[in-house]
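Both complexes below contain chain A, partnered by chain B and then by chain C.
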Partner chain A sequence: MRRTFRLTTYGYLFPGLFFMGIFTFIPVFMSAYLSLFKWNINNPEPHFTWFSNYIEVFKAPLFWLVLRNNLIYAFTTIPLSMSLALFLAILINQKMGWIRSLYRGSLFYPTMIPMVAAAMLWVWIFNPGLGIFNYYLGFLGFPKIEWLYDMRYALMGIIIMSIWKNFGYYMLIFLAGLQGIPSHYYEAAAIEGATGWKQFRYITFPMLAPATLFVFIVAIISSFQVFDQVFVMTQGGPGDRTNVLVFYIYQHAFRFWDLGMGSTLTTLFILGLLVAIWLVFRVIGRRVYYEV
Partner chain B sequence: MRKVILILTVFFFIAGLISASETWAQKEKGKPKLLRLTFYYPVGVAGPLARVIGEMTDKFNKENEGRVEVVPVYSGDYDPTMQKVQTAIMAGNPPDIFMVEISELPTLLAMNAVLPLDDYIKKVEKGYWEDFFAPFRENAVIGGKIYGVPFQRSTPVLYWNKEAFKATGLDPEKPPKTWDELKDYATKLTVKDKQWGVTISGGWNDWLFEAFVRQNGSFLISPDGLKANFDSKEAIEALDFWVELKHRLKVGPPHSTWGSTPPDFVGGRTAMLYHSTGILTFLKRSAKFDFGVTFMPQKKTFGAAVGGANLMIAKKIPKERQEAAWKYIEWMSNVKNTAEWSVASGYVAVRNSAYDDPVMKEHMSKNPEYLVARDQLKFANGKMMAKNFQKVREILKRQLDDSAAGNIVPAEAMKIAQKEIQAVIK
Partner chain C sequence: MKFNRHLRNKSGLHLILMVVSLITVAPYFWILSTSLKYRTEVFTPTPKWIPWPINIQNYLEVFQMAPFHLYLINTIIVVTGILAVQLVTITLAAYVFSRKNFWGKEFFFFLFLIQMMIPIHATFLPNFLTLKRFDLLNTRVAMMLPFFASGYGTFLLRQAFRQIPRALEDAAVIDGCGGLRFLWHVLVPLAKPTLIAFSIISIVSHWNDYLWPLIVTDTPDVRTLTIGLGMFVQQESGADWTLLMAATAFVTAPMLIFFLVFQKKFVQSFMLSGMKG
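Moving on to the complex of A and B:
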């Protein structure tokens, strides 16, 4: 009896595993294997070179610039979009009738637009002469900024756009989490005399921890996967100041046709991401309280 | 009963399928074989040009009905097209015909992917090959063999806003002729936070930079594609001139993108613009003011590197497909079609005799500004080309961008470019 149960279990798992294997696991191991080869336009036949690709990656100054760009992107977009999402989720969790749906809809709107379309839109929003971003900044008395043209501001432009694009999704998850918190906690707290901030600190925040952890992990992954907006808005320029890891991989694999280096970078990328997520689970995951 | 019906239904369904496929197979046997060719092509500039290629190809397909059918596949602008062609070649399933950016030829040759066309060209009417403008031919030839036929070709030119000139007190009919005049005019035309004097477009700034080096009497890569020449005195001077305009005098934006500068010009954000001739049709349609087109100003000489894409045939396809592909290329590059394509797109017509075509003549008499790019060809050269050109471009652009931001001095930047580029093209 037990045996047949197992067989059906694996039977049901098989299609999923099969396709995951073909499209995810095998390619991951293949690229780890290929990362040990020189394979590019100068070497049309791949030949084995141990870890020379890895050494080359670490010796390239551009790699460190790209890594730095991506870290700046991660360390700004993650906290900003998460806190914005949490703040707005709490706001629209208030009971205020039809206006709530209106707010919820309009705040979630950016998330629904396809990334490439949104990026095209922001190319115009950021246009130094005609764009509305500078227009509004002008009202506030800021000098005109050549957003995507200027080395100092291009990455900031990508960051602003990405926060606008991503916070809605996080907000929705926070909102779902908030609605799962039983209201009698708040009632009890109110009777005991706990104010808004205290309610947030001792009820909302801890009860929301599983949602926060989830959002945090998703945000980490998406901040290292950033590509579409860079591809559309800046192509990594000017002067590689908006070049990020996935774009860098793309350049090597598909533009320079350097498959060995592309595989090396991909492997490093996956390892880095796994380590980051493992760290998050170790440090934060254990403190998360799951209400059973 | 229900079971019987079900079995019968399935039986007849399968029997029907088999007989249908048999009659279909017989039908196919009777006909001469139809060759269906794929054609990957880019459109390097804004405009509904994909439609024009589609219409021209339809005409070809109708003329060759039942024998050859070309399926044009729009594959993005130049870089994505090259990626798609490369990927298809590596996968062993190349498009039969493709049009890629001219500097990619050495890379494609290193991949053993392009068919030499000399034998086909010999069979066409006499003077066919010589009829193409000489600078356009340069990028199709390596080691004495011809690998492509010029088609979608351009040069960079200078556009100027006549109304902005008037407003500044400059003669609206006299664009700058020399680098010094350019600097002088750009300074006068600059209105802080409102209008740049001159925009040298980013994105393909490597191409524009090559033009400046040509104007200063030098080149960036030797014609055989093997020797880099980026740290010459002339190249450093050219870059220093850019840095002067973009950084020291601040009369032009230090960086920009290829797609956003034409709207900048139309929007009055810049008074002069260096860009491809390919955007002329867009500007004519969109600009609300009078503007002019002229040669890029000279230093020692007028000069430009030609640009665009050539038509090529894949090497690793059967002979009959190659022959059919050549038929298409020959047809696309006949005098009438080169003229038609030029009129529809704004690209330079690639053949001398296309300018005698009646449709072309009429178009040119109404729109003489389209002739500027052709006339500039007298001073133009082939574009630099080398193996790993995508990498060359990235290296050069990084140095150009960093110099324009004032992060590095031109001599130092060009020294780095020289070292890195020589290492990838060897």
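Moving on to the complex of A and C:
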């Protein structure tokens, strides 16, 4: 079809672009611009200092700890919740009648719960004295752990609750992918003598690639925007062991009122996120087969 | 023989699924159980799963301590406000992306895709400054504004529109039904499942929003349920667990009830959300 230049066409795009421009794109440039200024309690009038904020960020040991915490969170929650989700999706996809919707509902419902409420619930479950988590771990021979109050275990506590909260949604996406695989592929494979693992390796896995890519991207974005559970469960503590990027930005902006630093961190955050997603598309995106 | 093996395989399957389901459901059951206990019943050496005697008083007390009914109304206003505007913006944009060919199409589409990748968590600071400049802090509109455009919704709906045969458009145009009328009378009704799916996802995710409402509000009049719960927790830091869990249960209830009633629709919607691009 011929390309046109009609004002009405752009008129249809305008409402979306307008809000997107004001609340997504201008903010990106605004924080990049503000990141070049000192603007905090001591300097109520912003003044231009080139890249000194960036140097300050990279020099702060806390920034590296925060980055490390967030990477640990990402590198544990993403593979664990994705593999759990895939495993359960394959199980649930078997023929089993009405009971399937019962399983599906009980595995998926945490997605419906606000993260804040889920976090509150897990504070109660992790309670060192009265919590059921320590009680049942005790049966397995674990010693009492002070979960959210212990520097060594607090992040693990947050990881456990986040997996519980998120895997159900990923499972559902995998399930949708599985249901899209025509059953005659498996029938043909069975005739050729391919069973079990081979069917998974050569049919299920490649056919699930688009669903896997989608889940992966969603998981990356959500693991770098983790905030609610940290805010409610630990406030970044103890000893900043659960401080993560968004919480760190929040602290600088709304606790210390250091808007220059906050903007610098925001800029780094957006750059990091875009680079991570771009890498994922580069490395695995082009191997994914899409039907358009 | 073969049948036996089949049964054994299946029982292993059900065993795994039942154990995992129990583990995921237990935490929520534990909220309900705690919220219905008397204060002293919480301090038992072994967890008491069934609360007896049942105490509904906790819920009434929570309502006396904080205006949760107000929070509920605010949440409903914010969530429906966001959805209403989103439906307009995504429908219009998806229409031109799926049906028109115009200068800059790839560029504009790229912008919509990028917006999907930049969540509010990455831009809350500059957005806060913008709203402050326009004196919009502490309003319900402030909680909605950043979500009015949805690259994701546009993308989802564009896929749905593209699957509607072009011949329909030709027929409609011949009958004198072009542009907006065609969009409204032909495309929108045919893309209803996608619109419903997007609506459910939008409602659930904004019902659960926390960071953004936390930043732009500081008075109870405009606060939403999630913020109200967060405040209640701080106010109740003496840790009266029966009250805290009653508040938590109340905040989670509306979405879970919806989910139980319309499970099939919810599940279909979330499944559709990850469908191939």
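Note that in this section the second predicted complex is superposed on the first by the 282 of 292 C-alpha atoms of A that agree within 3 Å, B and C clash if a C-alpha of one lies under 4 Å from a C-alpha of the other, contacts with A are read in each partner's own complex, and residues count from 1 in each chain.
As a convention for this text, contacts are C-beta pairs under 8 Å (C-beta built on N, C-alpha and C of every residue); 3 or more make two chains touch, one makes a residue touch a chain.
The structure displayed is predicted, hence computed values, not measured ones.
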Which superposed partner A:L148 touches (first chain B, second chain C, both, neither): first
When both partners are placed on the shared chain, which of chain B and chain C touches more of chain A: C
Partner chain in contact with A:V230 - chain B first, chain C second, else both or neither: neither
First (chain B), second (chain C), both or neither touched by A:F23: second
First (chain B), second (chain C), both or neither touched by A:F214: second
Which of chain B and chain C A:L88 touches, first, second, both or neither: second
Which superposed partner A:Q251 touches (first chain B, second chain C, both, neither): first
Which of chain B and chain C A:V116 touches, first, second, both or neither: second
First, second, both or neither for A:I78, with chain B first and chain C second: neither
Which of chain B and chain C A:Y12 touches, first, second, both or neither: second
Shared chain A surface residues [contacts with chain B and with chain C]: 127, 130, 254
Residues of chain B touching chain A in the complex: 79, 82-83, 86-87, 90, 107, 110-112, 193, 202-203, 253-257, 259-260, 263-264, 267-269, 387-388, 390-391, 394, 397-398, 401-402, 404-405, 407
Touch list for chain A against partner chain C, complex: 1-6, 8-10, 12-13, 15-20, 22-28, 30-31, 34, 88, 91-92, 94, 96, 99, 101-117, 120-122, 124-125, 127, 130, 132, 135, 164, 168-169, 172-173, 175-177, 210-211, 214-215, 218, 221, 224-225, 227-228, 231-232, 246, 249-250, 253-254, 259, 262-263, 266, 269-270, 273-274, 277, 290-292
Contact footprint of chain B on chain A as seen in their complex: 41-42, 44, 62, 123, 127-130, 143-144, 146, 148-151, 154, 234-235, 237-240, 251, 254-257
Complex contacts: residues of chain C adjacent to chain A: 10, 13-14, 16-18, 20-22, 24-28, 30-31, 34, 42-43, 46-47, 88-90, 92-93, 95-96, 100-103, 105, 108, 111-112, 114-115, 117-119, 121-130, 145-146, 148-151, 154, 179, 204, 207-208, 210-211, 214-215, 225-226, 229-230, 233, 241, 244-245, 248, 251-252, 255-256, 258-260, 263-264, 266-267, 270-277
